[in-house]
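Chain nomenclature is as follows: A, B, C, D and E, assigned in order of appearance, with residue numbering initiated at 1 for each chain independently.
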């Protein structure tokens, strides 16, 4: 009975959403002069960043990104607060894979490569697809691999916290520097360099690297916290 | 000028990132720093508000891109008033919980203060921002802090409350994103002022659907009646000061968001009467639920929901008088309901079930706390000469001036219900015998100070409301002037 | 006009100081309390002049304080009774707990009542009205007895009344855009008929609640008897008069200009009459002096309402005169009960008897007030009742006269019960140690008795201010023609004036009074149960022989059908039903997160379905 | 590219996105296991993300990256980068929320010994 | 043409995975199905010219979200069932 009601309700909802979006149309330009044209133009002309998404995420809408890393940061904090530690169970952790030697050896080999890949992704965030988030997530995946494979592999909580904080401070600090330099918060104050060059885009790479470190640390923290949870009552 | 609006977000964020590091240096810093930050922001907001009241709103662009390309923050009389109120309450809550959390150890304390500070920052961000997606981000910041704080106590019910909050919060953010994207697909911009100036070009169907989704999404946070299932649980299970912060800060921000959409961004006249309908529903259902509660904080929670319904009704009149009344009500509700939550949580501090019967005879053990609770109860039901009366009067006047006599009568009838359950509790505190196994806990000095500040404000506003009404009048005039808002924002050049 | 500010500042500051002085010294507290009631009283009567008003503004609302002769009359009641009750309270409160609380609320009550009468605008009127309500509520719950029922019932009824008034106020404001009473009266003529009818109704509800008029009186018995007696004398004597004050104001200024106003008057007059009758019946039934007096208050207020609702000059004079008299005698009676309660610890007729020797001054005061209450000449009550009957007859309300007369006659039963139950009858060992109450308690009672006597003899003393007040309300000056207005003062026959006859009645009365009291005082003796023989049976030691217990039974049996229908019961049922409904409604919050989420979807879908209607 | 095919995609992409959202919502509303509820919510989020990205798509547009190839090429249409940036943010935020939700699930399990949402309702009315 | 077929296939796959993830009683498989949704989604993002989003979705949706789901399942129960098996043996 409840299921039927829910399905009917969802069908009604779907009908309204469907008609709305079908009429909006797929693949057509929906609006005449939105902000995106400006973004596309400015990105390449003034910011000298090839990846427009990056320039939007880090510069035009950098404030969102600051909020976003804060959300992750808060998620880690909230996670720690929710999964409070009970005193008698410290350090026990479940390992997902049965530690066969192939997996462990593979993980060990893979780990540096994954980290490198992550670093590459966020360093080149302003040039190619990818950036701080993606790189950060990849690095976190690397740590995840190690945590899952080795029972006694551990990440220093303290260092995670330090990296996370420092990266956050760099982000907010760069923002404030733009502010102090007479501009506005998060405003670019560095030379923007040449398009498609590693050292281009002003503060964008700096922020994105900070984001990368921060995301990596935060996600590792999330995994670490959850992994350390023995759910048996 | 001593600062700009962006500091309201930047400084707490910087501090939030710093706190883990500072905690490694000296543990006490994790408690002190949020307070320092809030104090600084309090000074800043008062200065800015003074400035804004004299010389018009401050529009700050971020990353140097003029609106509508960059994100902008608007500190006008309206938003500035709310921001000042929120930060003031945040400060009070911080003061209250400064020692409250001393017995919980370093790690939880760090998390508590961090989340509390970010809860306030998120709410302030919602109010300040001039960009709809940025508002979404701030709503998420507030939300995640809220989930964490709700589940702060290690009991089993707090996790349940937090899960309910989270579940509805997730649905809310989905609806919100849908609404944002419908607007974006039509106008290609996310800036509120730009949208407001172009909204008449949008196909009415999209406009209405988008507005409905916005109201539903924000209504979840603003505790509109059928969407507020999470609220009583979260209020009741969160630590007392967090309940105060929810009632005084978070809900205010969400209501602000709804109001901003209806008054400034959209040009749909039916939305006002819709506000009245949902406001009345919220008011009636919440107050009737409150009268039957047997847990103190839950009762306060329902009462708070009801009050917010009344605020929405007042906004729904759509007149400047109505806005004035609503803002005044918001101010009073923030002060009084926080006081009730703060004092109430000491009245049932050591009891297991936090039942109302456990406040019996508390005045002998907690005289000042009991007195302040009674003061708050008298004020919130709108008895003169306390603060709540003036706002209730202005709501009623606005209703009569809008010829909504039916609404007027209903609001008054509900006020009687409200009166009954508050008086029942106050009677219990003062005239009943204390239960056998109730162990009252004396409030700490700073908690007492925080409560007394709020109590004094109730009296001050009650006896001389003119201290604050000038600001509120300017704030409401500011909200009503839509074209000025658009011009102020869009006139900023690169 | 700084006087008003000073008066209210003294009241407020005095209240707070008195409260905290209790922490230092009890005597200092008493002195402060007396000071903060008496000083403003003195200031008011010496410093406030008619016609000058104090305008100021708060929250953008213009307010105005000032007095005219009409409000001065009520200020007299409030402050006069307030001062005497304050003196009384010193003695009454000695050694009781929560003294500071009592004093604080007492001062606030007096302040708020004064505020009501000096308010020339609706907002300060309402503010003081509400302060009066909650300060009196705090007094009602002072004893902590049955507060969840009695106290909350009182507050709920008061709040319903006050909110009805508030609704009226804001509706008036939406038309006039000011809160001045003057402007309301001006604008009333131009309102639509609907509003012309509804606004007086809304206001009258508020006043009827305070004046304990049927069917809004159910709070009164509990509230009057639960409050400490020192306060109840003020509560019943002055606070309920605020309802009369407002009622007269509304009836005269608004209703009289409405063609349909006659119906208001008729309904009110009848309700007043019914209130008087029902209040009397219930008073007879009570065995507790507090309850008895409480119902009696309800009944007396009924007379007053009938009088003012008739609306002729004589009716107004009667109603307002009775209001003053009621303040005096009911104030005294409650004080007397308070004295007895203080000295004996109980107020039940079945327990106390024969106090006449122990508490002679209290007896004297009670006797005088009972005489005044019953409307026996020569005390003031007679004059008021007479004028009331006359006004009813001259305005052709014959049925109403019968009703009032019935109530008034039946009232003798409880008067007698009160007097006999406490003071006469056999003395019992249990009360041997009882002493007369302290001087601070006795003196106010005696003073008020004297006033009653004086007013009965020279009613002109108070009729003149009443007449002045009525002139301010727009009545013709009846004082000049007063001797033509009522037969009491009229030429009887040709040139035979009542006055000499009255004087002789008074002289005889006084003589007998002294004789009876003296005789009664001297002649009483200690009688044990052994000394009594009833049809050959010797009553047992523990058998209650108090005569007052059962003598009203036959009468009560006769009127039983009327009394079975208790309005209170209907209210209780209604409240229970409401709470049941609320209990059902809160089940909406099932506690299941999925249900809540489902509500969200339902909400969205419903709003989407009706989007064309809503937006 | 054929416009009728695009018309088909219009229904296909948006329809799928909305359908997936509703399926997820259905799971969150009906399924009794807390984990299933969280799974439902995350499925719903996936659908939403697809919807948003699809909104930014333009016929024949390329990815909004000014690579050498784009700068030298002839096709000058780019898809709208703004929704992509928004989705990026939304995904990360969604992950944060999911993590918190799962930790709450763990904690609820720890306290209640069950994941049945009907049994986890101590707070009601 | 291939583009359209591919997209259509992926969309269908996504719906199927979504239905499967909701219907499947074994939470482990349900979780893996959400992983598949994310994977399909990231390919779709790529096809819709959003490589940045595709990369993010692949990393977060496919890897991280799935993993924490798995950890959670490990810490709680594996099967969703209407009556029995619901409560854990360890109580």
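The rule is short, and it goes like this: contacts are C-beta pairs under 8 Å (C-beta built on N, C-alpha and C of every residue); 3 or more make two chains touch, one makes a residue touch a chain.
Predicted model only: the values in this text are computed from it and were never measured.
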So which chains are sitting against chain D and chain E at once? A
Hop count on the shortest chain-contact route linking chain A and chain D comes to 1
Greatest separation from chain B - chain, by CA centre: C
Is the number of contacting C-beta pairs greater for B-D or for A-C? B-D
Report the chain whose CA-based centre is farthest from the CA-based centre of chain D. C
The chain whose mean C-alpha position lies nearest the overall protein Cα centroid is chain B
Averaging C-alpha coordinates per chain, one finds the centres of chain A and chain C separated by a number of Å equal to 74
Whole-Å distance, chain B centre to chain C centre, using C-alpha means? 44
Dist(centroid_CA(chain C), centroid_CA(chain D)) in Å evaluates to 70
Between chain A and chain E, the Cα-mean centres are separated in Å by 20
Sites on chain A at which at least two other chains make contact: 6, 10, 13, 16-17, 24, 30, 34-36, 39, 51, 53, 61, 64, 68, 71, 74-75, 78-79, 82, 129, 133, 219, 222, 226, 229, 231, 233
Residues in chain E with touches to at least two other chains are numbered 50-53, 56, 60, 64, 68, 71-72, 75-76, 88, 90-91
Which chain C residues reach two or more other chains? 586, 589, 591, 593-594, 597-598, 601-602, 604, 608
Every chain pair meeting the contact rule: A-B, A-C, A-D, A-E, B-C, B-D, C-D, D-E
So in the complex, which bits of chain A are touching chain C? 6, 9-10, 12-13, 16
Interface with chain A, chain E side, in the complex: residues 50-56, 59-60, 63-64, 67-68, 70-72, 74-76, 88, 90-91
Taking the complex as given, what residues does chain E use to touch chain D? 3-4, 7-8, 11-12, 14-15, 18-19, 21-22, 27, 30-31, 34, 37-38, 41, 44-45, 48-53, 56-57, 60-61, 64-65, 68-69, 71-73, 75-77, 80, 82, 86-88, 90-91
Flag every residue of chain D that touches chain E in the complex, lowest number first. 1, 5, 8-9, 12-13, 16, 19-20, 23-24, 26-27, 31-33, 35-36, 38-40, 42-43, 46-47, 49-50, 53-54, 56-57, 61-65, 78-79, 84, 87-88, 91-92, 95, 98-99, 102, 105-106, 109, 113-116
For the complex, which residues does chain D have touching chain B? 21, 25, 28, 34, 37, 41, 44-45, 48, 51-52, 55, 80, 82-83, 86, 89-90, 93, 96-97, 100-101, 104-105, 107-108, 111-112, 120-123, 125
